[in-house]
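Across the two complexes that follow, chain A remains constant while its partner is chain B and subsequently chain C.
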Partner chain A sequence: MAFTHPTQRLKPFRRATVIQLIGLLLLVFTCNYAFADRKTAILFVASKSAADYVEVLNTVQGHLEARYPQGYEFKSKFRPSGKELASDLPAADFVVTIGTAAADIVFSVKPNVPVLSVLITENAFLALAEKYYGSAENAFASRVSSISLDQPVARSIALAKLLVPNARDIGLMLGPASLQRQPELERHIADMSLRPQFVSISAKDNPIHTIEPVLRRSDVFIPISDSRLINIATAKWILHLSYRYKVPVIAFSKSYLKAGALAAVYSSPADVAGDTAEWLKNPKSKSNGGLYAPTYYSLKFNESVAANLKIKLNAEQFYRDQFSQEIKQ
Partner chain B sequence: MHLPSFVSINRLFLSSLIIAAPATAANEIDMLTEDDLLVEIPIVSNVTHMQQTLAQTPAAVTIIDRQTIQASTAVDITDLFRLVPGFQTYYVNGSRRGVTYHALGDKYPRRLEVKVDGRSVYESLFSAVTWSTIGVELDEIDHIEIVRGANAAADGSNAFLASINIVTRSPLLDSGLSFRAQVGSAQTRNAAISYSGKVGVVDHRTTLSVRGNDGFDDGTFRGQPLAITDDIESVSFATKGLWTPSANNNIEFQLGATKSDLWVGGRDYVNRDMSYQYQYVNWNRLSEKGNKIQLIGYHNNLDFEDAVIPQKISEVLGVDDTSPFWPLPVPDKTIFDGDNRSQSERWDLELRTSLKLADKLRAVTGAAVRNDTVTSQTFFDTPDDISETSYRAYTNLEWTQSAKLIFNGGVIVEDRESTGTYASYRLAENYLFNNDHVFRVAINRSFRAPTLLENNQMRLVRYNQDLILDATVISDLDIENEELQSYEIGYAGYFINRELSLDMRLYYEQLRNIIDERRDQYPDLDNFVNIRDNTDTQDIKGIEIQAVYIPSDQFLLRGFYSHSNISGTNCHTSAPAVGEPCSRYRNLAKYSLNNTLGLMASYTFDGGLRLSSTVNHNSALEHFRADNVESFTRIDLKAAKTWDFNRSSVDLSLTVQNAGDPYQEYYQFNLFKTRYIIGFKMNFY
Partner chain C sequence: MTEGKRFSSIHSRLLVTSLVPLTLLCIVLASYMISSQHVVLLSNLKKTGNIAAQQVSSNAEFALFSNNEEMLIDLGESVLDIPSVEGIAFFSANQKSFTKLGNFDLSLVKNRESSELLKPIYANHLWYFYAPIYQKELSYLDYDEEIPPESQLLGWVVVSLTDEILTEQRRQGIFAVLVVSTLGLLVAAWIAMRIGRSISRPLENLTATVDTMEAGNLNLFATEEGPFELRKLASGINQLSTSVRQYNVRMQSEVARATAQLQITLIELEDAMEAQDQFLARMSHELRTPLTAVIGFSKLLAAESDARKREESLRIISMSSNMLLTMIDDILEFSKARAGGFTLEKVTFNIDSWMADLLAIHRPRTDERGLVLNFSIDENVPRVVVGDPVRFTQVISNLLSNAVKFTDRGGVTITISCLAEEAENIVLHCSVEDTGKGIKEEKIPVLFDPFSQEDTSINRRFGGAGLGLSICKSLVQAMGGEIKVRSLLGHGSVFSFTCKLGVSDKQKALPQVANPLESRDPNKTLAGVTILVAEDNAFNQKLIVRLLNAYGAKCLTADNGLEAIKIAEEMHLDAILMDIHMPVVDGITACETIVQQSGDSPPIIALTADVRMTEEDRITKAGAEMMLLKPVDEDKLIRSLFKVLPQSESEPVSAGMGLLSTVVPVDELKNALYENLDKLDTQLKESENASLRGIIHDLMGLSGLYGMSELRELVMQFRADYGSVNAEQNLARVEKIRQHIKQFEFE
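This part shows the complex of A and B:
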C-alpha cells in the first residue's frame, strides 16, 4: 500500500472544496439577497370603494404589515376593467378579491396565480366558479379559494340553544336561494335533539300568512339569509310577529339585530379581514383552492328586545365563552 | 325661486322614473351577494323619506321612541314635545293645545307640518293642527320622528320650520284585546278599547276611545272672577289594516273618525261640535334590489259647528235703538243667527320612489297632487266652496362621496293656483370625523304658501248685504309666499360604547314676508280692521343641545337645552299710502321663548316597577296675541308597574303632572295646578 503525503492528497481536495464552498456561499448569498428583497406581491381587487370593502382591504394590509413588515407589497384596484387587470396580474403572487363583482371580474380572466375571494357568499362563489371554471372543483384545481361571508347556520342554531336553553322547536325560514339546504339543516337540528319547523317563502307568497303559523309554534326563529328582496320584505313582518308571539329571532346581520332581533351571529368586515390575513399568512393548501367557512365571527345581543321578550340575559362574555366552546365541538 | 313651468319639471320627474327602472333591472344578478347580507334592513321610515342613519341625515332629528313614550309622564301626545329642544307646547285652553317650533306661538301655530304615518293632519281651514281630532292614542304610537329645521324639500310648504311624523304601531305587534283607562285631576277621563286580530287576509287593530277633561279651574281676570269653560269630550274610532299579498307588495290602510265637543276661545268661550274623519291607503312595492315604489292616497274631512248665541245689536253695543247714541241708520235686529257650520276637506295622492342610482348615490323622488276645499260663511263671508289644487314634485339625493363625506341635496317644486310655481331646496354636507363624531353644515331655502284661510279670510258681521257692522279680519288680495333662509352647523357624537348620544345644532333662520295681521281703517262701527298680509320679518338665532343616555335597558336619561333669540318687526298699522312704510311697527323680540330646559329620567327595577320623572323649565314669555307668562319649572313624576299573567297582563300607573306650584299656560288665568292621573291597562293575548 503506497503511502501518500497528506498534503499531496489533500491539496486537490481542499482546492476543489474551497472553490465549491465559495461558489455555494456565493449562491446562498445571492439567493438570500434576492429572496430577502423579493416581497410577496398581493393584488387586491375590490367591488367598490365603499366603507366595508375599504375596511377589509386596510385591515388585511395592516395585519400583514404588522406581522411581516418587509414581507409584502400591495396593490389595490376598485372594480378595474379587464385591460387594467391584465396589466396588473403578471406582477402579482396572490390575488384577493373583495366582493362579488370583484370576483366576477378576476375569475373572468382566470389568473395563473392563487386567488382568494372574500366578502362573498357561498352561493355567489359557487355560481361564479361554475360560470368561469365549469365547476367548483375546477376552480379549486386552478388554485381559487373562497372564505364565505355567510356564517354557518349551525352557529345560529348553537346561539339559539344557548339563549333559549329550553327551546324544542326551532323555526327556520328558507327562501329560493337557501331552500336546497333544508335536508342538511334538518339532520343537523335533529342531531341536536331539536325539532325543526321549516317555512319556505318566495317573492309570490304572502309573507305574514306564510311565516306566522310556523313562527307562532316555534320557540326560537332563525331566518336564513336569502336574496335582498326576501331579506328586506320579510324582516319587518318577522320581527313584528316575534314581538307579538314573544318568539326570539336569531339574525344573520347587525342591521337585523338593531331592527329587533334578540341576537345575531355574523361576519363583520373586521372578521372577514382577520380570516383573510390568516389565510394569506398560512394558506390552507398551496396546490389547491377550496371553499372555507369563516373562522371569525361577531356576536351581538339586543338587550332591549330581551327585556320585551322577558328573557333574562347573562353577561355577554358568558355567551361568548359558551358559544366558542360550542362551535369548537 | 320662481320657475317658468311646472309641467316640464313634472315631465322630467316622470322621465327619470322611467329611465331609472330598467337601469336597476339590468343589474340583476341571480345570486346572493354581500349586499344581501350587509344591506340595512329598513324598519323605520324616515321623515326625509330615505332610510338614513342619524349620521347621514341633512337635518337635526329627534326620535321619541317607544321606550321613551312608555317611560314618559305624558298623558297626551303634545306632552311628548316637551322633550324636544326648540319646541313650545302649551294649552290655549283646556280643549286646545298649541305646538310650535321657534316662531311665535299663537292660538293657531302654523309653520309646522304634522303627519300621522305620512298623512298630513295640518288643516288649511285653521292653518294649524287640531290635536284633539287626530285620534291617535299614546299607546298606539310606535315612535315619533321630528325634523328640527325646515323640511320643505321633502315635505313641502307646511314643513316651513320643522316637521313631525307620528308613526303608529303595526297591527302585527299586538294581538287580542286591550283595555286602557285614565282618571284623575281636572276630571280627566280617558278610556280605550282596542282589538288586534285578523279579518280574512287582513291584520288589523281597531280602537274605540273616549277622552275628556274639564280643563282649567275657574280663575280671575283683572281682579274679577272668570268662569273658564274649556272642557272637552271626544269619541274616536280608528282602524289600521295591513295586507301583504306577496313578499314584495304590501298595502296598509287606515280609517278613522272623531267626534268632539269642545270650547274655543279665551275669556269668551264658544262651544264647538267637531267631526273629523279620514281614509288612508299606502301601497308599497319592493324591487329585487331593494328599491321601493310607494303610492299614498288619503282623504281628510273636518266639519264643525259653533254654537254662537244669536244676539240683538243693542245687546252687543249696550245701547237701545231708540237712544240718541244709537250709531246705526237702521233699526235693531238679531245678528249671529246665520250658518255657523264650517268644513274643510283634503284629497292627496303621492307617488314616491326610493332608488339606489349608483353605489354611492341614493335618491327619493316623488310627485303628488292635492286638493283642498273649505267652506265657511263665518270665515269667508260666502256660502260657496273655496278650493285649490296644488302639485308638488321633489327629489332628495344622498351622495356618499367617501367614507367621511356625505352630501345631501333636496329640491321640491310646488305649483299652486294662488302663488304660482316655486321651489324650496336644501343642501347639506355631513363630515364623519369617525363613526362616532359627525359634523353637519346645512342651508335651506324654503317657501310657505298662504293657506286657503290666509288667502281668503273675510270675517265680517253683517247687518245685511249692504251694511257691515264689524270687519274683524280681511285677507289682502296679493299675499305672497313666506320665505325662509336658514343656516345650521350640527354635531352628532356618540360616547361610552354609544350609550350616550349628543346632538347639537347652531342655527340662524331668516324669515321674510311672514303672514300676520296689520291694522287698517275700515268703515264699520269701530273703524278698523285687521288685514292679513305679509307683515312680519324675523331673524332667529339659537342653539339646541340634546343628549340621550341609555346605559342599560333599565335606565333611560334624556335631556336638552335650547336657547333662541328672535329679532324682528311686525307692521302693526298700515302705511298711510301705498308704497310708504307702515305707520307703526311692533318689536317681536319680546315674544321669544329664550330658554327651555328638559330632563327626563327613568329607571326600571328588577321587580318591574318603573319610576320616571321629567323636569321642564321655560323662561318668561309674552305669548303672541295673548298674555305674559312667568318663567316656570314643572316637575312630573310617574310610577308604573306591570304584572304578567298567563296570556294577560295588567299595568297600573300613577302620574303626577306639575308636582309643585301652579304655573300659567298661555293666558294668565290658565293655571296649571298639580294633576294626579291614575292609569290602568289590561291586555288579553
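This part shows the complex of A and C:
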C-alpha cells in the first residue's frame, strides 16, 4: 500500500497562497519585533546646570517615562561644545534645548533631527532662527520648533480684569518687537469692555517720561514682554511709577512680581516641562517646526503690594478657575 | 632752709618726682585727647556728610533720571534738617543741570574731575561731600542668561557741612580736658603731698631718734610707723639699739669682771711679788750669810799663817759652801720644775726598801721630838714597781719632814695604798698625816704656790725657802698624780698624793736599783788611774784633786781648755774632768778637739754650774760621756768615774772596811769625827750656820766609812733638817751623834 504526502493533495495555487501568507506573517512579526525594541533617543541640551534647568529636564523625563517606561532613551548635555554636540547628534531622534544659550549652540550645528527649544522667549527664538536659518520659516522647515516662555497677553489681561474688576483703562506698554500686536490686543481688550491705553517705547526714549502719562491714567498696567533691552530699561521705572501712582502692574515674570508687581502670569519650570512633554508625545508636530504658545502657566501674587494697593486677593485656585473660564470665553 | 636743702629733702623730692611726670603725662594725655577728639569729631563730621550724601544719592536716582527738580528739592530739604548740613546740590553727570539748596558755593564743585570728587573738599569753613548717583539696571526677567547691564552714572549729589559745630565741640572738649587735667593734677599733688608726708615724717622721726641714740641715749625707741619699709627700718633700729644696749651691758659686765679679775691678779701678783721679794730677801740673807763667811774666811786664810787657824778657816769655808750648795740645790730643783718638769727615771725599785731608808732618816728626828712615826702599806700594793724612786721618796720625805716640823705632840702616820691597778700601771695613794697645829683654811689654796709659807713667822721659826710643797706638787704632777691637803686647825693635817707607777711583771727576778746609800761601794779605788782635772777655778781644782787623790787617783791639772788639749795630746789619760766654762778655750771646744784629735780619746766628764739642758746637749754632742753639776758631789763624781773608766784599768781594790779605812786609822777617824762634831757644836753655839753644811758634809763623808750606816743616817737626818730646828735641838742631836760614835764598836 502506498502513502501520499499531505501537501501533494493541495492544489498548486493554494500552496502558493499559503506560502505567501506565511511569509507575510513572518514579515509582520519581524517588523513588529524590530520596531517594538527601538527606543526614541532624546538629547537634552541645557544652557547650564542650574536648578530650574535641571528641574525642566528631570520633569520632562519623568513625564515621558511615566507614559512609556521603556520607550525613550535620554541623554543630557549642559552647555556642550559644538564638537561634543556633533558626536551626540547622530544617535538622537529629538533634540530639546533648554535655555537661550543651549538653543544658540544647537541651532549653530543645524541638526537633521527635530529640535524643540524651550525656556526661551519668543523674541530670542526668532532672533536665533533668523541668525542661523535665515528666517523663522526656514527654521520651521528644518523641523525646529519652540514653545515660548512668554505667556499670551490675553492671560495677563484676563488676570488684570479679575484682580481689578473695576478697571476701565488698561495700560499696555509695547516695545519694538511687540508693536505689531497692538491691533490684535486693541480688539481683544475692547471685546472685554475695557479701554486700552497703549504706550510704545523705544530704546532711545526716556522710559519715565514716556510711560508716566499712560500709567497715570490707567487703572491697571500690563508691560508686554519685548526685547531684553526694553524689558530691562523699563521694568524699574514702571514699578517705580506704579508705586508712585498706585497703579497695579501685571507682570510677565516671577522676578518682576518680586520687584513690585501685583501679580504675574508666567511659565514655571514645571509648566515648561509639561508643555515640552506634551509636544514630544505628539508625533504630528514632528513633521514640521513651529512657534507655540505655552499651554501651562503659573499665577503668583505679591500680597504686600496688594495690601498697599488695598486689593483684596482670593485664593489662587479661585483665580485659576476664573481665569480658565475667561480664556475659554 | 636754703634752696638746696629744701629740694634735697625726701618730701620735696617725692613731690617733684611724682608731680613732674604727672604734669607731663597730663599734658601728653590732654594733647592726645584733644587731638583724638578732633580726629573723632572730624571723622564723625565726614561720616555724617558721607552718609547724608550716600543716602540722598540712592534716593535721587529716580528724580535725577526723570530730571524732577521738585523731587530733588524735596530730597535736599530733608537733608538740610541734619545738623551741620548747610547745603546740598545735585548735578548731572555732564554737569549741565544743577539743583542747589542752602549755603553752597557751586564754583567749588563745578568742573571737577570724577577722581577729585571722591574725597571731601574743605573750603570757607564748609566741608563738601560727594556721592555719585547711579542708574542701577535690573533685569526682572526669569531665566535670563545674559550678564546684567552695568550701572550708569546719572550725576552727583554734593552735601556741604559747616565745621562751626565741630569747632565748638572741639572748644568744649579742650575745656573739658583742661578742667579734668587740672583737677587730676591737683588731686595728684594732694595725694603726692600726703604720701610724701607719710614717708618723710616717719623718716624725720627716725632720724631724730637715731641722732638721740648717737648722742648716747639708747633707751629711746623708734616709733614704728609709715610704710612697711620704714616700719621695718624702725624695727631694725630698735633691734640694733637693743643689741647695742645689751652689748654695752655685757661689755660693762665683762669690763667689771675683767677689772675684778685684773685686780685679783694684781693682788695675786703683788702677793707673789711680795712673796718673791720676801723670798729674795730671805734667799739673799740665806745666801749672803754663807757667802760672807766664805769671803771673810778666805781673806783670813790668805793672811793667816797659823796652820790650825788656816784649817779652821778652810773648814768654815767648806761648811758655808755646802750650805750654799743645799740652798742652790733647792732653787735649782724649783727652777727645773718651773722650766718644764722633771725628767723622771723609769727603773724598777722596791718600795719597802726605799721607804725603810726614808723612815730611818727621819726616825731620829721624830724620836727626838717625842713623836710616833707610823708607816703602813697595804698588802695589795705591789712591792716592786717601775718609776723614779728618788722622786717618789723625795715627795714623801718632804711631806714627812714638814709633818715632823709642825707637830709637837702625837705623831706622824704614813700610809700607802693602791688606788687602782691596771695591766701595766698602778695608782698609788700616799698620805702623810700628822697631829700638828694644822693650817688655816684660807692659807690652804696658796699652800702649794712657790715662795709661800703659811706666814713669815714660819720661816723665821722653821726656816726653809718655801719651795718644798711647790716642788712636791710639781713632782706629783710629773708622776701623773695630784696632791691634796686637808687640815683642821689645831688638830693636824693630812697631805696626800697619788702617783702612777709601772708594775714589774718580774717582782723578784729583776735586778733592783739599789739605794744609793746602800750601793755605795767604798771598797773601790782609783789607784793607778790618771785623771786630768781641767778647771779654771783653783779652789775647785784643788778640791777635786784632793778628793781624787784621796781615792788614789793620779791627777793632772789644766787651768783652761787649751792646756787640757795639750796635756791630752801629750799624756796618757784614763779620764778627763772638763769644766765647760773656761778661759782661752772653753770646755766644749776642748772636748771636741780632744775627741777629734785622738781616735782613742779618754772618757770625758763635763762639769758645769749651768743647769740648762742645752748645755748638756752641746757637751754630749761634743763627745762627753756625761755632765755633772757643780759643786761636785763626791759620791756622784766617784760613781761616775767608776762608770766611765774601763774595767780593766780600774781594778777594784777590796778594801774591806772601805777605801779610807786603808789610809785613815780608826782613831784618826774618830778624832776627825769628834773634831767635826766639836766644830758643829761650836758653830751651833755661835750660830754660825754658814759652816754647818761643810762640817756636816765632812761628817757624812767620814760616817760612811767603817760601816757606820746608822751614824750616816743620823748625819743625813741632821743635814736634812738642821735648818728647821733651833740650836738647842741641833746641839742635842750632835750630842746624840757623838754618843753614837762612842758606842759604836769599830771592827
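As a working rule, the second predicted complex is superposed on the first by the 279 of 329 C-alpha atoms of A that agree within 3 Å, B and C clash if a C-alpha of one lies under 4 Å from a C-alpha of the other, contacts with A are read in each partner's own complex, and residues count from 1 in each chain.
Note that in this section a residue touches a chain if its C-beta (ideal position, glycine included) is under 8 Å from a C-beta of that chain, and two chains touch if they have at least 3 such contacts.
Note that the structure is a prediction, hence the values are computed from the model and not measured.
Considering only touches as defined above, state whether A:Lys48 meets chain B (first), chain C (second), both or neither.
Once the two structures are laid over each other on A, A:Lys48 reaches both partners.
Between chain B and chain C, whom does A:Lys110 touch in the aligned arrangement: first, second, both, or neither?
Neither partner.
Return first, second, both or neither, reflecting whether A:Gly99 touches chain B, chain C, both chains, or no partner chain.
both
Considering only touches as defined above, state whether A:Ser227 meets chain B (first), chain C (second), both or neither.
first
For the overlaid complexes, name the partner, chain B or chain C, with more touching residues on chain A.
Counted on chain A, the partner with more touching residues turns out to be B.
Contacts for A:Arg320 in the overlay, against chain B (first) and chain C (second): which applies, first, second, both or neither?
Neither partner.
According to the stated criteria, A:Lys281 is in contact with first (chain B), second (chain C), both, or neither; which is it?
Touch status of A:Lys281: no partner.
Could you look at A:Arg67 and tell me whether it touches chain B, chain C, both or neither (first, second, both, neither)?
After superposing on A, A:Arg67 lies clear of both chain B and chain C.
Check the residue A:Ile201 against both partner chains and state whether it touches chain B (first), chain C (second), both, or neither.
first
Looking at the overlay, does A:Ala235 come into contact with chain B only (first), chain C only (second), both, or neither?
Both partners, chain B and chain C.
Once the two structures are fitted together, what part of chain A is touched by chain B and by chain C alike?
Residues 47-48, 52, 99-101, 119, 149, 206, 208-209, 228, 231-233, 235-237, 240, 253, 255-256, 259, 266-267, which sit in both footprints.
Which positions of chain B touch chain A when the two form their complex?
29-43, 67, 170, 172-175, 201, 203, 242, 244-248, 286-290, 359-360, 400, 402-403, 552-553, 644
For chain A, which residues count as touching chain B in their complex?
47-52, 54, 99-101, 119-121, 123-124, 127-128, 149-150, 177, 201-209, 225-237, 239-241, 243-245, 252-253, 255-256, 258-260, 266-267, 303-304, 306-307, 310
Name, in rising order, each residue of chain A that touches chain C in their complex.
Per the stated touch rule, the residues are 47-48, 52, 99-101, 119, 149, 206, 208-209, 212, 228, 231-233, 235-237, 240, 251, 253-256, 259, 266-267.
In the complex formed with chain A, which residues of chain C make contact?
62, 65-66, 136-146, 148-149
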